[in-house]
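Two complexes come next, and they have one chain in common, chain A, joined by chain B in the first and chain C in the second.
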Partner chain A sequence: MTGKVDDLGRAAAVVREPVRGGASQKILTLFSLVQFAGLLLLGLLLLAPLLYGSRYVVYLGTLLALQATLAVSLNIVMGYAGQFALAHAAFYGFGAYASAIFIRDYDMTFWSSLPPTACLAAALAAAVGYPSMRFTGGIHFALITFAFGELLRLVAANLHGLTGGPQGMQLSYAPVPVLGIDFGSARGMYYLAAGVLALSMIIAKLIRRSGFGRSLLAIREDEVLAASLGIDVTAHKVAAFSIASVIAAMAGAVYGPFVGFVSPEMMSASDSISVVGMLIVGGIGTTSGPIIGTLVFVGLPELLRVAKLYRLVVLGLIIVVTVLFVPKGLAGLFGRMIPTGPQRGR
Partner chain B sequence: MLRLEGISHRFGGLEVLRNIDFSVSERELIGLIGPNGAGKTTLFNVITGFVHPFAGKVHLRGKDVTGYPAHRLVRLGLARTFQGARVFANMSIAECLAVARRKRAADAMRVAELDEILGLLDLEKYMSDQASSLPSGLIRLLGIAMALSTGARLLLLDEPAAGLSAEETEVLQRSIRRLNQIGVTIVVVDHNLQFVMGLVSRAIVLDAGRLIADGPPHAVTAEPHVIEAYIGGSDLAED
Partner chain C sequence: MLDFVQTSIDGLMVGGLYATVALGITLVFGLVGILNFAHGQSVMLGAYVTFFVVSAGYPFWLGALFAAIAMGLFGALLERAVFRRTLGDPLAGLAVSLGIIMIVENLAAAAFSPDPRFVDPPVSGSVQIGPLILSSQRLLVLFVSVVLIGGFNLFLQRATLGKAIRAMAQSREGAALVGVRVPMISRAIFTIGSALAGAAGALYASLFAITPYMGATPLTKGFILAALGGLGSVPGAIAAGFLLGLAESFGSRYLSASFRDGYGFIILIFALLFLPTGLFGAGKARV
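Right after this comes the complex of A and B.
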């Protein structure tokens, strides 16, 4: 009874023959090697400030870890769910302000200020995300988050009593030591930032492997088809946006005591767009892309000491070149042979 | 299983569905036919929650589900496929099916039954291949397999045979019949009258948004106004 079926299957197998076989296996092995090397490199980078401990290297390492956290978290909403969220720096700044204000006005510690900050960030993201995803989505979501980011920045710049206005807030607290790590020191803050990055990468990876993450990818691929398979598209997009925004706010909360200063400048739209740039350069939707993108985007200008004035020009050029010649980002250079990740149904 | 009550819809000034009434009983295998622009796909979109009807009600298993979003209907056991090859092109087949299996209908088909159907569709050996790399016939089968994996009891297939070879069409027909035997209620839309007529036990004909005939396939196609509607649009003998 399955004669015809077998014929069909054989015909299809013949068609597919050239793609199968040894060559693709070798590329798969190569790919996992590259991924392994990438993780090794990341590990070395994270260890470098400890082995070679000049103040500058530790400072740069902390900054890179926080920026990479932004990129990793934005990747959840932009890379997995395919939604252009342009308020990431605003949530970063929001986290820094909210935590600082809780500590100053409500007698909280750094640690106890984190849960309410996270809850507020999630509520804000849901409040902005739901209407923009439910009724419009797509380009409107990008525009609405962009406008919302600017709104947050203007609120921060104008609520003098709460935020100190355009001059910002001086912060003079350090997280209470945990496990004997003194967060009052530059190195302690580096540990904290690296920990936040590691945690966000683990969260991103867990999401990627979960049914929720698969549904996000399905939405990125085809929303209508996803809905027809029972996925609540709006709820998934809002959830991804909220998770990403909460992680950004947590990175911001760490940024506050790290530099000892928060100002509305932290929330500027160009910073939100740079995070998008990091993803584009590194490779949207990939695991290593956000890290590579951050190294190129934040690390390179810092190391080359390019004047701040020209930074955006150089980065703009990098984005244009990437989009033109490596549209899948630097991580994609090594092969999007495995298009949606390593767990191909095994 | 499914009951439509006075469904009307318009796009701007154009009435695409006019007062459509019909019911589908459990385990029926129905063909929905009609010339181009008759409103078949719009009716599908109304039933599956992608289009909100201008007037009328949709009842699914005794429940008024008019205006329910598509994803909620899936949980009530309704699934559909789309015209053309609509799958998650960048995912492997296993992943496509895993996405579909995540939100199972409340009284979903038993896993064993589902696996039998998937076996019948013969997709196993391509499980780790990327969906877009499959030949078009298999992509079509994958679309159906995904809809089934939601655990659907009522399956709406939108032009499943369009663009398939004779051989692929036969596999498809056999799979649809088997599904129906297992207990899935099926409504098929297709331009290919031979395909539909050889498959279904009841045909519903739409023309210009109106339901013009409903009955056994050969009786329906013998009706003069059905023939007229088809000659006005396209030829009965078209394949």
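Right after this comes the complex of A and C.
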């Protein structure tokens, strides 16, 4: 019961942020240094598979980049707007399927299949988001997206003619070369995945800094107050969900040719839960959180080298411990060790 | 016509099972305010308890009783160790239960192997009423779930603890003011909800294959039903349970069987559009 007034004040402050505008001084000091170091580290990580190039490292790097894209995009709806979207893996799978089907049945290239895939994903997200996001509190939305993810998986497993049923589809195409990069090779796909990750991080950052992003934060802090300030709460939440889902679908479209195979397994509820887990462990609403969370979730199992079942048990334990004892995630933990001026995000 | 009646009875049978799961969810979420997504794992564990008791040569009803008791204890333990710390923040409860799902499911897969198991149905054969042929096993499931639901309602109406739960549903503060020990009642509700899930697991075990990953379906359906009935509404959850059972039964008989699990979702979307506060317009907490 920490007074409602506190929350109101916080939400109002979030909305007023641009008016104060005095943060520019601090941006140039320690905060930007930490951020710069983080970006440098990320850049090094992204470059590592190119310098040290065993097939395994390139493969792992591509997988990491795609998973991190999922976490970064989920952060837009879950971290900024505070809405638990439990169908992220389903949209990932949807993108892989939709792009593959456009290429197979409509004679499209990989690149030209992307816009219609994005449009479909956005339409689907809006259709699911609107009925469930009219409610405050986010519970209905969590329930609906959870059920919706299962429904998508069910549809993929049952529309044999379109999706190949439970066995999935074999894909044998590679994106047409652009700028001399051959996407038929493992390294080419890695460039593509890293590019998608970088793009999604830029989009997330731009959203965070825009008026739209600040409105999302206000909604997260207090929906009723945000509405009273003239923010169309439902429209903002639906927009955030659609953007996040489109990015997930784009990552899925890249995943298809990367592994050469799509199956309904990709859309399972436990995969959607994993992405949520990445955000929770990394730090919801922060910039670095999704990346840290992905490193833990994808990297740790690779390091542990034990049976898959036990890796998942360990990850589950990490989620529980994080929620109970480190509610701000690892990014929040690091953030506390390094003073960074004004509190950013939650 | 015969076909219609047969389909209805099938629907009611499945509906009774769904209602039993949904009751636990709507109670725990609607009244205590804890969003426990690991509820489906209690159903799964309950099914395994039943399987092991029955495999050891004991009768089915003993397995079901054991399942309910074991899951009640399991629920009490979870509440004490984990969920109590997330009180008042449903989304934290959700996050924690996602972790618990990963732990419980995979430990179960490691301990029990992922291969499907089957429990011998406690009764076999069928009953013929006029031209109707009904499987005794399904009738038993319907009977047990109706007894569970009825017994639970009686408990809510008559028992002191039941009255305290209803008081809490109306007003948490008001109940505390007149001497209801809210934290104790919350713990009791969590335990009861989990025990109901264990009993539902026993019923599941008698109808379907048992696997470590079977928890997702009852969970999804249970939550759909809780939302459909109005979160926290007991009559809503029961009505929604039977409604979904009928819809699935008729949908798979007359439309398409492969989308059986999808009908509930479609109903829920329309319900949220047109009846946003649940079937009985209860909205929040009415018992």
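As a convention for this text, the second predicted complex is superposed on the first by the 298 of 346 C-alpha atoms of A that agree within 3 Å, B and C clash if a C-alpha of one lies under 4 Å from a C-alpha of the other, contacts with A are read in each partner's own complex, and residues count from 1 in each chain.
Note that in this section a contact is a pair of C-beta atoms (placed from the backbone, for glycine too) under 8 Å apart; a residue touches a chain by one contact, two chains touch by 3 or more.
If you're wondering where the values come from, they're calculated on a predicted model, not measured in any experiment.
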### Task
May I ask you to decide whether A:Ser132 touches chain B, chain C, both, or neither, giving the answer as first, second, both or neither?
second
### Message
Is A:Ala123 touching anything from chain B or chain C once the two structures are fitted on A? First, second, both or neither.
### Response
neither
### Task
Quick one: classify A:Ser215 as touching chain B (first), chain C (second), both or neither.
first
### Query
When the two structures are overlaid on chain A, which partner does A:Gly316 contact: first (chain B), second (chain C), both, or neither?
second
### Message
Just checking: does A:Leu47 make contact with chain B only, chain C only, both, or neither of them? Give me first, second, both or neither.
### Response
neither
### Message
After the superposition on A, what does A:Leu206 contact: first (chain B), second (chain C), both or neither?
### Response
neither
### Message
Under the stated touch criterion, which partner chain does A:Asp232 make contact with: chain B (first), chain C (second), both, or neither?
### Response
first
### Query
Quick one: in the complex, what on chain A touches chain C?
82, 84, 128, 131-132, 134-135, 137-140, 142-144, 146-148, 150-151, 154-155, 158, 269-270, 273, 276-277, 280, 307, 309-310, 312-313, 315-320, 323-324, 327
### Task
Enumerate the contact residues on chain B facing chain A in the complex.
48, 50, 69-71, 74-75, 79-80, 82, 86-95, 98-100, 102-105, 120, 122, 125-130, 133-135, 137-138, 146-147, 149-150, 167-168, 170-171, 174
#### Entry: Complex contacts: residues of chain C adjacent to chain A
29, 35, 37, 82, 85-86, 90-92, 94-96, 98-107, 109-110, 216, 220, 223-224, 226-227, 231, 258-259, 261-262, 264-265, 268-269, 272-273, 276
### Message
For the complex, give me every residue of chain A touching chain B.
### Response
1-2, 4-9, 11-13, 15-16, 19, 211, 214-215, 217-218, 221-222, 224-233, 339-340, 344-346
